[in-house]
Amino acid sequence: MAKEKMNVAVVGATGYAGCELIKILLGHPEVTITSVSRRAEGSDRISDIFPVFRGQLELPCENVNVPRICKSADIIFLSLPHKVSMIFVPEFLKAGKKVIDLSADYRFKDAAVYEKWYGTGHTSPELLKAAVYGLPELNRAEISKSGFVANPGCYPTGSILGCVPLLKEGMIDVSQIIIDAKSGATGAGRTPSLALMFSETNENLKAYKVNQHQHMPEIDQALSDAAGSKVEITFTPHLVPMNRGILSTIYMTLRKDSSAEELLKVYGRFYKDAPFVRVLDEGVFPETKDVLGTNFCDIGIKVTGKRAIVITAIDNLYKGASSQAVHNMNLMQGFDEKLGLV
Amino acid sequence: MAKEKMNVAVVGATGYAGCELIKILLGHPEVTITSVSRRAEGSDRISDIFPVFRGQLELPCENVNVPRICKSADIIFLSLPHKVSMIFVPEFLKAGKKVIDLSADYRFKDAAVYEKWYGTGHTSPELLKAAVYGLPELNRAEISKSGFVANPGCYPTGSILGCVPLLKEGMIDVSQIIIDAKSGATGAGRTPSLALMFSETNENLKAYKVNQHQHMPEIDQALSDAAGSKVEITFTPHLVPMNRGILSTIYMTLRKDSSAEELLKVYGRFYKDAPFVRVLDEGVFPETKDVLGTNFCDIGIKVTGKRAIVITAIDNLYKGASSQAVHNMNLMQGFDEKLGLV
Amino acid sequence: MAKEKMNVAVVGATGYAGCELIKILLGHPEVTITSVSRRAEGSDRISDIFPVFRGQLELPCENVNVPRICKSADIIFLSLPHKVSMIFVPEFLKAGKKVIDLSADYRFKDAAVYEKWYGTGHTSPELLKAAVYGLPELNRAEISKSGFVANPGCYPTGSILGCVPLLKEGMIDVSQIIIDAKSGATGAGRTPSLALMFSETNENLKAYKVNQHQHMPEIDQALSDAAGSKVEITFTPHLVPMNRGILSTIYMTLRKDSSAEELLKVYGRFYKDAPFVRVLDEGVFPETKDVLGTNFCDIGIKVTGKRAIVITAIDNLYKGASSQAVHNMNLMQGFDEKLGLV
Amino acid sequence: MAKEKMNVAVVGATGYAGCELIKILLGHPEVTITSVSRRAEGSDRISDIFPVFRGQLELPCENVNVPRICKSADIIFLSLPHKVSMIFVPEFLKAGKKVIDLSADYRFKDAAVYEKWYGTGHTSPELLKAAVYGLPELNRAEISKSGFVANPGCYPTGSILGCVPLLKEGMIDVSQIIIDAKSGATGAGRTPSLALMFSETNENLKAYKVNQHQHMPEIDQALSDAAGSKVEITFTPHLVPMNRGILSTIYMTLRKDSSAEELLKVYGRFYKDAPFVRVLDEGVFPETKDVLGTNFCDIGIKVTGKRAIVITAIDNLYKGASSQAVHNMNLMQGFDEKLGLV
């Protein structure tokens, strides 16, 4: 009667995505967190690092020790920075563990693209083919059969979900895709820097890494796959004075005149089996607060002449990271895909 | 020795632009505020409405009374809602006063455009020709000779300044202008509504009036003028959880390949005599905090292939309203155009 | 095998507490929401009012109809304004329903106190005795046996939990209790007003209703009960530019010298069976972010001479309203008291 | 006719107070900034450090070089961290310069107090007597005659102004002063740290350094001076998610019953010649937004029984630092004390 739960480990537990991942896993009925770790010496409890966990999870957060983690857990979430993740992933895979990697290290099919945009050689390029890109709305079947998932980046999640239905139908000019994305500050991580201090970010708005953000090639890869040909995107990320949420305003050029109604049908059809994508009624546009703390991606559409404006909203830490990782786990384990998620 | 100052009136003093206008005028060495009024009964002091003025300006803020205002002031700023401004402007003009109107009522050359977008008949269309559009960077000479200026809207200020140099040079495709604009909440005014409450706007980001904002035809008029032909713009305004600032990210298609360097030269040339436009070095992009409380518009440029990304930042209440109005006054009065402004 | 769930209704579903209550109930394994209603005509779906519920809860949110609600649910949560709640509570009780009322209407033992502070006659004073004050840390046993709970106010929850252990032990001067409380803006409700607009509340801090807030008599009643004699409190609430959270900084005068260590023991003992109160180590003080979205109340203590400084943090919408209501339901139903809660 | 302006230097120009100080001095009609410097190598322009100054002030911001600064300026503002300021102040004084030091280094009469609270030996204790504590409302005459002013801390400014009138009149129990102070994040400075990152501070509220903040002895010294006997204060600072502003809620015990009206008279009398203190009407309480960007301190008062609640609001970077420094300069130079200030 007492059904056994799966043991899971969170490697890289000290960032914002790691924190939210732990919150979700704590509420998941089929798993137990048996290990949390980080890439640093010390033996703070996780509840010292994130006091929200006081009385909820009192595990020590030790330096990553692969053998010890492998003993305690069967599913490994890695929420480490890129370059660091690939130090450990091969070992967990070799040990036969299921791996869900939230870093960028295994998102690319082509190591050269990774090396160009992340400025470092890839130390296990042979594993790139094995990793399934963990966007359930695109790759549900592959994820379900896989033991190794590369969880998408936050900007890519919102951008790809907004473009793919039209690309799949061949309805837009693949050389004219503009993504104007706006993110809350947790998207920039938890490492102290002047630009991310409250007094600098509050009451301020700026674009950054204009058309050279490292998430661009990831978007490019997914959209080109969907289109069946190389797309060309313009991508401008912005930093917004809020903690969480990404709103992506996407401008596309339609190949032939189509109404918003027709486009909404395309999106509705494409996402009809996707429990976490909500296509909004004509004239309604998403707001980040309506997806906050959820795994939802909300999508609104406007058409004006040959221009389609598609707006998507996600919670960057949930659908853009942690809850999507748990969604992937649900698929990999054969659980109900909505289990433990809102 | 005691040089006489000009007497000025602020009609419509209870909104955010009115408040900032009073602040600037209080610090202006050549004027004295002799009258503040509003469109409502009551006789609160302005320092009851805006306690920041306690001890600084204790005038009563009475219902608009044109004859009384005309007796006390020679320059009239109107910071009233559209439709309301045109009730009073003709009377002030008839009385021979200089008028700077911050509403939309006299910004259009074509009454039909106004009537379509503002949903009301225009009651003094014959005055539209007389009004000079008060964007000093475009119309310095006309403003200097005029007694009647229609002060630009906030979104139009940031958008127009970002597009005009390239349009004047014929360098861009006039049918492919996309303006993705983001504004702080003061831009939405001071009338209570659910959507503007702190708990709704804070930690939220949304687009609104997607491609149907009433500032579109104003942008359209100025850009078409500059281009010498009808432009076509796509315009998406967003509400950002901050009090002040507008960042406009503008996507344009270049007619032929040009480098960022070449474009920067075009902008530098166009704005070389404009003390309040700062064209940033290549690779540097504006942030709203750097123009906060100033009359500056900062402009940054990126080129990628045929795409030019131009980003402008203004303070919506200053360059987008109040300080621009004072700039116009300086020009109309023959003062140093920077007087009383930062 | 398919265990039957309890049917619950949320009456007054359009405020912030109502919204969060629905979120919690949607995730609760033992209940089904069968009815949501409000005090207004119309038939919007709850997902139109709070788009976060799109696809999660699509019930219509109709005007309160007691017979219809009684047919569909056995447990009734009322999240209505004071004065309005007492219109309906007697009817639900008469119909034999279990009632958890989040308003102030049944929190007082003495109708005269209610009438003085809420400025209205009480229409069912005979029910005041029947209602149990729903602070589980004080009244767990009574709540567990009751069918009618008056859920505490947000400020009272944080204040009472911070004072009661010392009062019960007779350790403090009952005439010298100062509570300096600071709340996020959702505490002020969802009715539009100038003072609560984003542009007024953001980048601002103020005290309000200084020593005359309607939550004072509620704190007074609970503290006097605990002390066994009439206490005298000074209470200053402040509005802080954040959505959620209350931090209460409480200054008390110790009757005799005691160390922080001794006080911490008193608190530890008092709350040893309270799963949702966390007494922090000496030198550690609570932050609202660590209780956000949880039912926790965190407590930190400092002693200096005869002065005890006790600081408590709660989420005003959770422990201060919705999650505490569900905690009460868990007790009333004999569920595990932590069920469905964090 | 072209009256000569004074040359001023800002030493330690890279913090928030330094930035605002430059803004104020740029608008001051009697001074010219001839030098800005910092305690670090490099030769960035000040407009690279604070882009708001682009086109307004393009001076290089070099490492502090006392002889060079002495050549270029006659009035020296030091906005350096404590411990660092006292490295340079003696040299500037020896060179015969007027010095306004914004650090804590010369605020104390007793070097031992400084050494205890700031954890370092004082390297020029002989100068402590020479420095005038630059709170104009208390020490206008001395400041006017002085060449060396120690500018008060931000918390002390708001706290002292709220307490002194009652202490001078002997109206309160000197052993029962509780100051519950709340500050925006710029008060914590500009050095990156995890606790001050946007994602940590936004949507959060906390107390810190509870009754052990280094500003306590400064408040203590001024209040004891005013009372003529040693006072005892309890002081709890809080970090509020806003950039600027300090609200101090002060609880005092009256020696005998007095009405708010009587207290307001005491305050009105005490501040009748202070142009930057505004005593509010009974029932009105200050808000930080009403003093933002000004040199004002607003004060509101409530009396309940023997308890006086005095609430003060200042802009921590203005009245709590930069504008107060300029106020001091105005007095030292014999300028109109309001010159260049709001």
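First chain written, first letter: the chains are A, B, C and D, and each begins at residue 1.
Basically, a contact is a pair of C-beta atoms (placed from the backbone, for glycine too) under 8 Å apart; a residue touches a chain by one contact, two chains touch by 3 or more.
Bear in mind the structure is a predicted one, so any value in this text is a computation, not a measurement.
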Remotest chain, subunit A as reference, centres from CA atoms: D
Pair joined by more contacting C-beta pairs (A-D or B-D): A-D
For subunit B paired with subunit D, centre-to-centre distance based on mean C-alpha positions, whole Å: 36
Chain centre separation (subunit A, subunit D; CA means) in Å: 46
Overlap residues in subunit C, where contacts from two or more other chains coincide: 184, 200, 202-203, 241-243, 287, 289, 292
For the subunit A and subunit C complex, residues of the former touching the latter: 23, 26-27, 50-52, 54-56, 203, 275, 278, 280, 287, 289-294, 296, 298, 342
Subunit D-touching residues of subunit C, taken from the complex the two chains share: 178, 180, 182, 184, 200, 202-208, 210-211, 232, 234, 236, 238, 240-245, 247, 249, 251, 285-289, 292, 300, 302, 304-305, 307, 309, 311, 313
Residues of subunit A that touch subunit D when the two form their complex: 16, 184-186, 190, 192-194, 196-203, 241-243
